[in-house]
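Take a look at the structures listed below.
In the two complexes that follow, chain A is the common piece, with chain B as its partner first and chain C second.
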Partner chain A sequence: MQEKKQKQILLIGNPNVGKSTMFNVLCNRKQKTGNYAGVTVASLSGKYIYKHEEVEVIDLPGSYSIYPTSEDEAIFSRYLIQEQENYSGVVYIADAINMRRSLLLFQQIQDLGIPAIMVVNQIDEAEKRGIKVNISKLQEILNIPVFETNAKNNIGIETVREAVFNNDFKISENNSFEIPLEQKALVYKISSNTSEKNLYKIWTLLAADTYLGKIENIHEIITQEDSKCSVPKRLQIQETVRRYQNIDKITSEITEKKPQLKELLTEKLDKVLVHKVWGYVVFLLILLLIFQSVFFLAEYPMTWIEDFFTWLSEFSSEHLPKGPINSLVSSGIIPGIGGIMVFAPQIGILLYFLYLLEDSGYMARVVFLMDRMLRPFGLNGKSIVPLVSGTACAIPAIMSTRNIENVKERLITILVTPFMTCSARLPIYSIIIGLIIPDDNFYGIKYRAIALMIMYLIGFLMALFSSFILKSFIKTKIKSFLVMDLPTYKMPLFGYDFKLVLGKVWEFISGAGKVIFTVSIILWALSYFGPPQHKDEILATESSLDHSYLGRIGRTMEPAIAPLGYDWKMGIGILTSFAAREVFVGTLSTLYSLDDEAPEGKLIEKMRLDVKPNGEKVFSFATGVSILLFYAFAMQCISTIAVVYRETRSLKWTMLQTVSMTFLAYFSALIIYQILK
Partner chain B sequence: MQTKHTDKLCCFPKNKIGKILGYDNENLLMPTKIIEMGLLPETTFRVLYQAPFNGPLYIEYGSDKTRIALREAEARFIKVEVSE
Partner chain C sequence: MDNSLILQYVIIGLIVLTAVYAIVRKLTKTFSKKDKGKNCGPDCGCS
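The block that comes next holds the complex of A and B.
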């Protein structure tokens, strides 16, 4: 069979130039979901086929220059320089509204000898504003193919594909940046002593303060005398200032502007959205709207799903042959999976809102508003994005800390983000709140909604409090700064975001589903079989749950959890949910279906009616609050632990975080139970 | 005749058009990102908003009217004057 040709191209550009949109319309095939979308700091890869050629597109994080100041920019620069043999060329996305800034990074890429084509995006937006970009003139000056697109409406995408197919990528022959006289000798010296012939590449290695690429024996070549005349930061400033002189000439040739630029929607919106008072009011209202929708919009689909699984369980119980398999399927697997499926609508709604906010450019305004408030806690305004996305899931949230430049602020943000109430906690919260808080109104606001708000607040306050503590423990010399682009508002891609959400929700369900599936089989086996109760009785009997192996395990751990107000069922729930919180509800659901003494009906009803031997309710108010606090603070998520380790590259911090969160969870649950009991 | 008023960007009045003169950066403490974003000498700008309690500044600059957020600490590195 003929081997399929594959070509790799990179999609690069400044942040907020519509790169993600471009990536989305370009790759109509298979987008890798292994990376966490929504927060575009991770590099994504996707594919498309054009004229029988398969093209792999790598969407790198946006950057303003080749010299990185944050982790995501470092990912970009390293990939660009170190993987040069692996890609055919770069598609550079320039922003028609901001050609000046777009050209800075572009020139650097050209000077590095990287083959490129340019795509000017958002031409229509620019024209609305009164800016006209002369594409043919630009093509002439830059001496490479330039295309104009409007990725949002799919205009010009075919031409870009055609250019990629024809390998129209071009390396510029003349450098736009001349190495300054002062450093010329040094650059030539390095060049003649190594195999590197691109002088600008050598210059970038001198000018970058972080590791970008490698030249063998560079340290033997550079003398102390040499390093004196090549202070990285000074070189960067020198280069940038010179490049802008040249760029200003180019932009005045290629762009025509009306003397009075038309006011953009962005300017009108920002009068309110970043206002001293209204800005905060709007932000709060948006948060409220999200939480309200999570609860009330999700109510209907949740009931449908729940009813469906109850029906399915009854159906299989009636129609499958009686015996162990019947009980495994209808009281083990189906209720276990159903217990988690029920929460898909809530998670989906939450994620969808967060994606829309991120997409629209509003998040940058929130950073602006929150920077001053978060600074006393050792956080950066940019920490608000991980903190807010942490309400969906800590994993993408922790990855989104990559654009926080300051190492200390980034570490603190990573360490405290898991305190934010993630969607995996929702199943637990809603069921427990449903059990212990009455379904009443307070002037139209449901008590249960207030209770949930309080849980979110507790998570947020604990995140702030621990940042405050961590601030004095973590030392750094690097000064914190905030220099952040405020992009123009864009209409979010409703359809695309919806697709992303469906993908994420499916990932959540199938991921949790696999665990719950396995856990329910194990739980079922342990509960179906029990130790012989009488001498010589070795037959597997459908012993009552309390006497099964599972009951035994639960009883063994009871001394540790009884002071927290938990019975053995909850103990098993906590044990099985160590890998993922949401398993707790699945486990309880399985356990209650297995217990033939438990009343029939929905899980919450069974839990409500469950009583201790002395007649007291198992889920009393004190026990409920204790569970809520336990899950508010406990780490209980293997994936988060893994991602923290990957992002911090420190076993010490990862361990410290997991251990201290578990301790905090245990003791606060203990204390609150003892007080309320 | 009125004397030309030089100042730092951090204390520049709101909604007035100003011009960047240069940087106060002998010790190279200024984030290079400021320059990379295009806040270069001769660039005209306007401070539109500031977040409460001396929070970040919201600045519009250049002929493209780009918008950027800066803290007062960063703005202190930038020398400016009132543009007529």
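The block that comes next holds the complex of A and C.
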């Protein structure tokens, strides 16, 4: 009787590549499988006997990388590295449909010095999609045994069993990932002080948030100076980008793909949409169409919202008992909140179009177009994504600069991103453009839409100009590159995007609403009360706006803003809009509502009819352009300042950015007013 | 001054104080150093 031997192997790969199906076929088990990622969330084991050899198969949860981002991925990483002595090798399941993604994790496993064989699964699905993987070429490049399988139909399973029986697992001799120059010295230092000679294993220690390996006395070896700039997430990204550069070469050699209808269409569309001239023309036309819609489609809902808040204000004024609470609610809070809420449709429409563009695959082309255009200005590759997302809000845009490995390039991107026109500027632009630009058309295109587009372009051009200037102060030798797939075009999910927009609009309403609510209360208090008029008074109540505390504060700051063409109400608006830009409109709405001398009607009408003591219009063309330029350049958002500080950890750069943007805003507004008045 | 008006001024005073407190709290929260030390470097920012 022959002796029965025992062996342990691991089944690993990306999620949803058929590992569980392979496990079931190999071990004749019925583990749950599914057509989505994450079916296996804990390791499972099964056994099979082949040629009198018992093989224990451990099915690990799927993972995209050895760096865990979730608990199931942590199970995977821990088992793979810490139990290496207990298993003979890994059977790596690659997805024939997505070899590119599969090769990333595979390369990491190879570099860890883990013996492996590769199984390319789902060949039937790949063939259906016109994808052909050249297995012999792949075997030659990776220098390990590679097999083709279709686990669902039990094809190729015997060859896998035979390879396991023959111990065909192979350790790679060459590392596919070169340790970056900046961390090389540290990695060598750790290696020379420990028994660990696999440099990539040491690298994973620096790049992982959790302790993957088992290196003794690591904290004594690494000093604080050593770990400076070894931000784990950034090192992981650096590794991923470098690996993909190499993987892209491999995939182009091993895969052939017959283009399908969608891809042929994408190819044809891209001839125009990413063309070096027409690409930009089409982009500008799309922008114009969006801005046209912002004004055109939002007209009715804006009127309804404004009418509702006017009615609510009148209703509360009539029904609440006379006194300060009546005044606070009907002249302070309701007009303040209403003044902001009225712009929710415009913001919703703008975001909806941006989501549709993103969903369709066009936004990726915009990033590609911008990358080409921005390189001469010192912004390249990964700086583009934060700049483009800055059109929605600067805060997540600045946070997304964490993907930029180069510290100096990241700093330049953080410093210029607030110039991009965020959605909070839209209420100001919209109301001021409505005041100074006539509601006429040029061959069907509204002048107001053109003006709004010009404001977006001014912000963008200033971001470019600033980075060009900063480039000469913050010099960087190493450039980062943007590696991205241009996805095939697809029909956007209109309903889903609409739901997303509703969520975002609610975020705007609740976020801005909370701020304007508290600001309105304080503004009202400062305008309702004033310095005592009689000897026996502590303070005067029901003061006229001019004689209130607010009026006094406004008048004190008036000399500083009068050269820009602004009156004290605008000064108060600028002051409060440090909380958030859109609060400027809410503040004006509250102030005009509190002003007994202001004409009745909508806010825009009150602003249009408002005159200075000398009879001049408060909101003339010159004043309007001056405000527009001020808000285009000013760092008028305290949350953005805080995020810049958090991300740079430098008071110097945060202050420099805030002060220089404020100076730029002030002097450009001053010059334009003095020229146009 | 009748009682109703006095009560209204008391309520207004409380509301205004709450609003001021909310703004001060928001400001201190915005600039709090809650991430200090974790994955941050003086030249590299935070991850």
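Basically, the second predicted complex is superposed on the first by the 347 of 677 C-alpha atoms of A that agree within 3 Å, B and C clash if a C-alpha of one lies under 4 Å from a C-alpha of the other, contacts with A are read in each partner's own complex, and residues count from 1 in each chain.
Simple rule for what comes next: contacts are C-beta pairs under 8 Å (C-beta built on N, C-alpha and C of every residue); 3 or more make two chains touch, one makes a residue touch a chain.
These numbers were taken from a predicted model, which means no experiment stands behind them.
Q: Output check: A:Arg234 vs chain B and chain C. Expected answer is one of first, second, both, neither. What do you get?
A: In the superposed model, A:Arg234 contacts both chain B and chain C.
Q: Once the shared chain is lined up, is A:Thr648 touching chain B (first), chain C (second), both, or neither of them?
A: The answer is second: A:Thr648 touches chain C but not chain B.
Q: Identify the partner contact of A:Glu358: answer first if only chain B is touched, second if only chain C is, both if each is, neither if none is.
A: neither
Q: Tell me which partner A:Gly323 touches in the superposition: chain B (first), chain C (second), both or neither.
A: Only chain C; A:Gly323 stays clear of chain B.
Q: More chain A residues touched by chain B or by chain C?
A: Comparing chain B with chain C, the partner touching more chain A residues is B.
Q: Touch check for A:Glu196: first (chain B), second (chain C), both, or neither?
A: Neither partner.
Q: When the two structures are overlaid on chain A, which partner does A:Asp497 contact: first (chain B), second (chain C), both, or neither?
A: The answer is neither, since A:Asp497 touches no partner chain.
Q: Based on the superposed arrangement, let me know which partner A:Asp371 touches: chain B (first), chain C (second), both, or neither?
A: first
Q: Considering only touches as defined above, state whether A:Lys257 meets chain B (first), chain C (second), both or neither.
A: In the superposed model, A:Lys257 contacts chain B only, not chain C.
Q: Under the contact rule defined above, give the chain A residues that sit at the interface with chain B and also at the interface with chain C.
A: In chain A, positions 231, 233-234 sit in both the chain B and chain C interfaces.
Q: For the complex, which residues does chain B have touching chain A?
A: 25, 28-29, 31-38, 40, 48-49, 51-56, 58, 62-71, 73-74
Q: Quick one: in the complex, what on chain A touches chain B?
A: That would be residues 64-65, 67, 69, 97-101, 104, 131, 231, 233-234, 236-237, 240-241, 244, 257, 261, 266, 270, 274-276, 364, 367-369, 371-373, 381, 405, 479, 481-488 of chain A.
Q: Note which residues of chain C are touching chain A in the complex, please.
A: It comes out as residues 4-5, 8-9, 11-12, 15-16, 19-20, 22-23, 26-27, 30-31, 35, 39-47.
Q: Any idea which chain A residues touch chain C in the complex?
A: Residue list for chain A touching chain C: 209, 228-229, 231-234, 321, 323-325, 328, 401-402, 407, 410, 515, 518-519, 521-522, 525, 579, 638-639, 642, 645-650.
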